[in-house]
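Each of the next two complexes has chain A plus one other chain: chain B in the first, chain C in the second.
Presenting the complex of A and B:
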């Protein structure tokens, strides 16, 4: 199979699976089983794709015919390359693990089939974004993911909190997508083609010749104006910030924890939140010359990674802790793209995406298991739940080690590369490298601290009620999936030596320094453990706790700054529509009526002749209909 | 194509009024199917009918279908069949009898089934004639033919709860659109007298010789007249009233067929005939379009009546179509054409669902708390959510292509670039508003608390899930929504050449 066939298979299979699964919704278990089966097949296909992936440059090929719509090339291409194949493999892996886990976790849910279908569609959309070599296809995948996230977060739609969270997630990301759509529209219109290669060639100023200037809508084939390029890429970046839950759009993601845990694993690990990294990596050649956009991205991610890490430390719910850690980790990925010099390329960011996908899915699925054991995801309830099973304990531990960035496990290796990249960006000219580097080092300390806290809580020696732990053992496939993810968390970094990602060597000095920082952070949390949760040492008062749990009250700000003014405006507009715009219609009807009546009276006085009477009758009829309208 | 539904429609309205509903339904269905099949066949083979009609005025009976009208003809034909099928679901001629306790004797006051079905057929016939007409006066006459049966549909078979409302809505509809038509007629007459031809094919070349003042005058008159029909802000206030009051099939026809007459007319008359004049007023039209997008979107955020809400969302969607038209680019024109078709399908879908809900519940006030559709009527709920997802411009569903391409087209416009780009920004904000109101509806109607076991049976009885004819209608529309979203080329490739010729030939 050629790489391209593989790419289209990877997109098509899950999409097909979602249709079949939905059709079989009357037999939920069969439906979910089929969805999982297809996911396993896609995983195999993705692994084959890893092997046959073109080893050098990205091979992009044409799928189907080249369409042209009114002077715009609508090429609708899929393509693949080494980094693409690696990301696709990890997406397939996570989707597979999530579906297997779902079958156990939601076994009694009456909407299991709908859930599995949505997960499949979600995977297809992500695969589309990963493989797209066309901005319209990217946009399609991007929006479909948003829609699927709405369905998944709102899966338990009988709960008001889930309904609200789903609504909020979709709206916040959709508002950010105003920027994304506008950016894409501008980029596409400038290049006269939706093909990624054409767009990148045009906007990075490397359009070699003016031979095909006939296809360019704007006409001039001169190099694009820098300010316009910065503006458009910044707009795309705004969309990415929304989808990736970066400041100022961050608040939807923790609320999205209302969704079932497998959905969270999917959204956080491999799909929606990470999609921004993929898209910006595809546009990297344009991003790297758009300084305004790089600054925007760099500053936003720097603030987000530190802020989210602080909030993670203060959460009283461990699932929300993981959510905030995702926000922080995605900021790390994106910061690599913001700072990377042109010769380094986007691969450090993608590598962190790869490793984050593995360990974050492991953490989420483990906490899903632990929450079934403990009956809640609150830190106070989860104390000692790691004693339920050795695999849960080990998986949780290694996931956290990778999260904290301990050397040699997968998350550590990729974080090293991001830090080195930021350093090179900082010493090189331009770009937000210095700020990002400083934020990264602070984040390393904080991440180690909250990872240590999560470990201490789950691994506490408190005994569990025996019966509950035994009764709630997951099925064998789930255990296998968790074991695979655990092993990959430990050895996944070996992907470095396959050459799928183009990476430079990490430096030993930086590794020693970050290890020191991790020890400091973890040590602080350990020292602060006291009798129970180390959080109590950092967040002392009840008020502070509530503030942390509510994400510093950003939700209130959204409502006060956006929702309420828009609704107010809507009421004003509705009033204007009723009383002003419609007013002149009724006014016209009324004045016609009055005029008709006056004329009729006038004519009556002068004893009208037959002809005039006819006119008067006509006017009366007109007046009558007008009055009818007016009423 | 025109003869069969037209003749049967006329016969049903006049001679066949006493016909039993069952017979009338079958007759109408056969007529709609035959007419539809011939229409589809005609849009593939493209026959050309050209006869002298009123020689003294140079008016010819000239029917022809090209790339621009073919998708609309097919859409109209399909919708025509669907609305007749829908008569098995909702029987507006009986509603009054049902709503009065002793009401068996009042059926005759409400009008007969045959009249209702005949009116449906006449509307479809008129619309088909408009899309096929190649003569400006024939176009106008066909345009007017549609109005009267539509007025009957709204006024007589509309909302059974309030006669005053029906009268208001139908009178408003007919007066508003008649004013628009008059303006259009004046515009057409200006063109015809100045150029000496009424043939749409010859008008562009003939009108090219006119001075710019006349061109602008004709463009203003034509655009203003047709803008009422589209409707473009601020001429839209007839639409919500008409939609709310009309029976479900009437709403579907309004949204899927009548609104299309307006945009089709805009393409055919001002854009094709007097492009220079149109270019001068295009910025105004673009601004009106985007104001409509925002205006409709905002009202949808607070509107309480679901049917009115969908009607206002139509105003917003047609704003995108108008923006595409006003961009003056081939891409924008293509976007407008596909946006037109997509809106026809999606709004038809939504109106069938919402009309069905109104039929079940008696009203669709969003402030009344009802059991969630997802709990009691999952199939109907699925159709609603599909329609809402399409309405908010979700890619992979029909509406997306029209919106996205309209934005690209307007962004890359050659003239008035700055203004049109500002319009693009505003329109993109409007797309976010669409998400807000679509999900608002979903949150109120589709999802909700679990229904306790004890009340489940009564809730299901109050809101029976869709089945039979209604399910068939919904399935056809739903499949069309998805198909057009996945393979927009089925429309884009048909319209491509004609659109290029239209803009290229006139410049």
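Presenting the complex of A and C:
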């Protein structure tokens, strides 16, 4: 299979599935089954792609030069490469697991088909971002994902809180997208091409030749201005921070837990929040020379990973704990991109994306199951729910082990590489390496602590009420999907030896050190377990719990610092528009009316004779012109 | 004198003429075989359009009817610009033929339509004054007969108006042709002979006068202000299909004729002194047409009269790129006219499908209230056509045509014209949105016109035209590429 066929199949299949599913929405079960079937097919295609993954990046245009209009080279290329194939495979895997799980989890939902269609479209958009070798295509996938996340989070739109969470996710990410769009436009305008290769070559200063300097709007031909490069990449980074829920945009993601759990699994594991990592990895060669952007990204992710881990420890709702852990883990991926020296490349970050997708989808799907058993996602209600089924207990345990970064499971290996990358960045090149490394080490302790807490809560020996223990068992396909994800969580790190990601060797010293830190963090939580939930030892008063559950009140800050000033400004603009600008419009309308009336008076008699009269006028004009020119 | 003739290049004009003769023969042999004659006519038009396609795509010169060297002149150009216009004229005539109900179409209508189409295709390709004059009148005179052919007083009145203006116009054209020959001593319209003549200062007034008089004569056919007075009464009074013909095929032929006349002037644009008088006449035509047509269209409530005044306004837009006297300007003018002709045909077809062909049917804007719900096909196609005429997305090609038309005058430094054009475009949006807004809303059964019984062909024309608009909106390069 050629790279182009592979890429366009992986993008096209889910898109097609979403259309078909939506068309069959009258029979939701059939529709969802078809969506799952297509997801399985695209998973197979993605696995084939993994096997035939080309040794080097290849890209081909899907439309030829059909759109060669104007001074911009709009190539619309799709492509694939080793790392791309790996990420695509994990996206397909998670999408498949989520769709299978949805069929069971939302079996009674009257809008099951719409949900499945949105999941498929979401997958298609993510595949487009993953495979795009053209920034316009990236932007399209990016925007479609934003829209789909709005639909998925607000799926239970009869709930006021779900509607609010959906609006919040949409608005916050849209605000950040202002930066993303501006950055992309600037990068494209400078390079005179939307193709990823051309943009990267131009902005990293490695453009082989620049014969056509007329198309280059910004900067000289030889080397782009460093400050301009930093500014544009920083704008892109701001968009990424928004989509990936990094500080200061972090607060939409925990609220997005109002969506159905499969939606959370999809958004957190493989699509929305991970998209930023993919885009920055594609632009890595530019990012690595844009120091300002690296500092912005490094500092933001360092603060985010520690802060989110602290908040995760304090949540009273385990699903929100997972949400904060996603914020923290995505910060780890992005920090690898911020600190990696040029010779290491973006692959440690992508490797962490791969492992995070596997274990986070496992954790979300498991908690979806447990919440059905316990009837809630509150930690107090989930106590002992792991006793419902052995697979749930094992899946939850291994998911948490990977989250904590225990050695040899998938999350441990990738976190190891991120830490080594940050260390190399700290000792070697400039940039935010030291800060990130310190934050990473603190985060390792905190992550181990909250993972231990989540384990202690679910695995508590309290017996379940008989009725809930016998509650609905998942269907066989769901169990298979969970089992596959569990196995992959354990052995998924073997992707290292396939060479799909370009990784350096892990260091034994660092592995020992992180293991020690994990033991410290987990041990602290263990010692603090008290009555059962170690949280009570860390967050003592009701006021502190309230603060933790509300994410330190950032929502209030959003409203006070952004929403209210913007609304005030909008009122001023509306006033100016109504009273000042509309005045001109009304004036224009009135003068057009008067002109029309005057002209109409001149045409009152539309008779043949009137025509002759006008002919005479015309002739006079012509003759007058002739006389004037007769010199 | 021997002429080198490449018959293939002449086919777009010869096929409709041959079809006309065939129709007459069929009528003589089997009187009353209306269906056969209509099919022959349609085939002639379609085949002519098909033979124009190679010319649209051609990259090299396609000249024929050439006199012998050394100073050989070619009297016929089959390049992309004329070929595009030829295809447009023939397909527009075909659409008009579909709008005239097959049941009612007679041998006279068919002959006149085919004659007009043959004349139109010939005038746009001609490169000498003789062919140009004769074929231009061949394109125009049959239309007058078509307006008057149906025996109604209002129609004869419209035909009389058109006839008066046409006669004056013909007089001007002949005068202009004579002045051209006087100035250059060359009956062909070529840049070299004009440049040679322009070098002599005493010839410049004659040449300028020739061009001004020719432009004035053509302004009648284009219905540009101040030569527009015939347009509203004729379009309103005549049968609707003929109005559609006047707004589409006749307009294309007139633009082609104007392009032929103005093409030689490119060679003296850079000269000192340049052809400033001609440019100012063109600018005057443009500005007056755009403003007068638009403000008058703003006041109309009868839809055909509104379309008639909008034709006047669009004539200004067609002349706008020609003010630059450049090759890019000619391409832009042709592209704009094609887009306008398609949109106008769709609008006329939708009106025909809503009211029927007669003036007596209360063709008022109120009849269109809620038509999108009552009659989604006619309403939807009409809505898109209006958006194209206004230059608003999703009628992207309308917007593209306007932008492309603004380019050449700006490049030539004629900023004031561009400013006026922008003002006219804004006013024009108001014109079409007035109608567009009525299409939405609740249907009012009391004012709704009775749907005509035979309207399948009109609906088909509207749908095909809409398809063309959609394709061009997605891929504007299909139209702009060959003309660039």
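Criterion: the second predicted complex is superposed on the first by the 559 of 631 C-alpha atoms of A that agree within 3 Å, B and C clash if a C-alpha of one lies under 4 Å from a C-alpha of the other, contacts with A are read in each partner's own complex, and residues count from 1 in each chain.
Keep this in mind: a contact is a pair of C-beta atoms (placed from the backbone, for glycine too) under 8 Å apart; a residue touches a chain by one contact, two chains touch by 3 or more.
All figures in this text were calculated on a predicted structure; none of them were measured in a lab.
Residue contacts after overlaying the shared chain place A:484 against neither chain B nor chain C. Shared-chain residue A:473: touches no atom of chain B or chain C.
When both complexes are overlaid on chain A, the residue A:567 reaches chain B alone and has no touch with chain C.
Of the two partner chains placed by the overlay, neither chain B nor chain C lies in contact with A:52. When both complexes are overlaid on chain A, the residue A:182 reaches chain B alone and has no touch with chain C. When the two structures are aligned on the shared chain, A:596 is found in touch with chain C, with no touch to chain B. Touch criterion met: A:621 reaches chain C, while chain B stays clear of it.
Touch criterion met: A:140 reaches chain B, while chain C stays clear of it. The larger set of touched chain A residues comes from B, when the choice is between chain B and chain C. Across the superposed pair, chain B and chain C both touch chain A at residues 67, 69, 589, 625-626, 628-629, 631.
Touching chain A in their complex are the following residues of chain B: 164, 167-168, 171-172, 175-176, 233-234, 236-238, 295, 298-299, 301-303, 329-335, 372, 374-375, 389, 393-396, 400, 404-405, 407-409, 411-412, 414, 424-425, 428-429, 431-433, 435-436, 439, 443, 447-450, 489, 492-493, 496, 499-500. Residues 157, 160-161, 164-165, 168, 172, 204-205, 208-209, 212-213, 216, 219, 226-230, 232-233, 277, 280-281, 284, 291-292, 295-296, 298-299, 426-427, 430, 475-477 of chain C are the ones touching chain A in the complex. Contacts from chain A toward chain B in the complex involve residues 67, 69-72, 136, 139-140, 142-144, 147, 150, 154, 157-158, 160, 163, 167, 170-171, 174-175, 177-178, 181-182, 185-186, 188-190, 192, 217-219, 566-567, 569-571, 573-574, 577, 581-582, 585, 589, 625-626, 628-629, 631. Residues of chain A that touch chain C in their complex: 66-69, 588-589, 592-593, 595-597, 599-600, 603, 606-608, 610-615, 617-619, 621-622, 625-626, 628-631.
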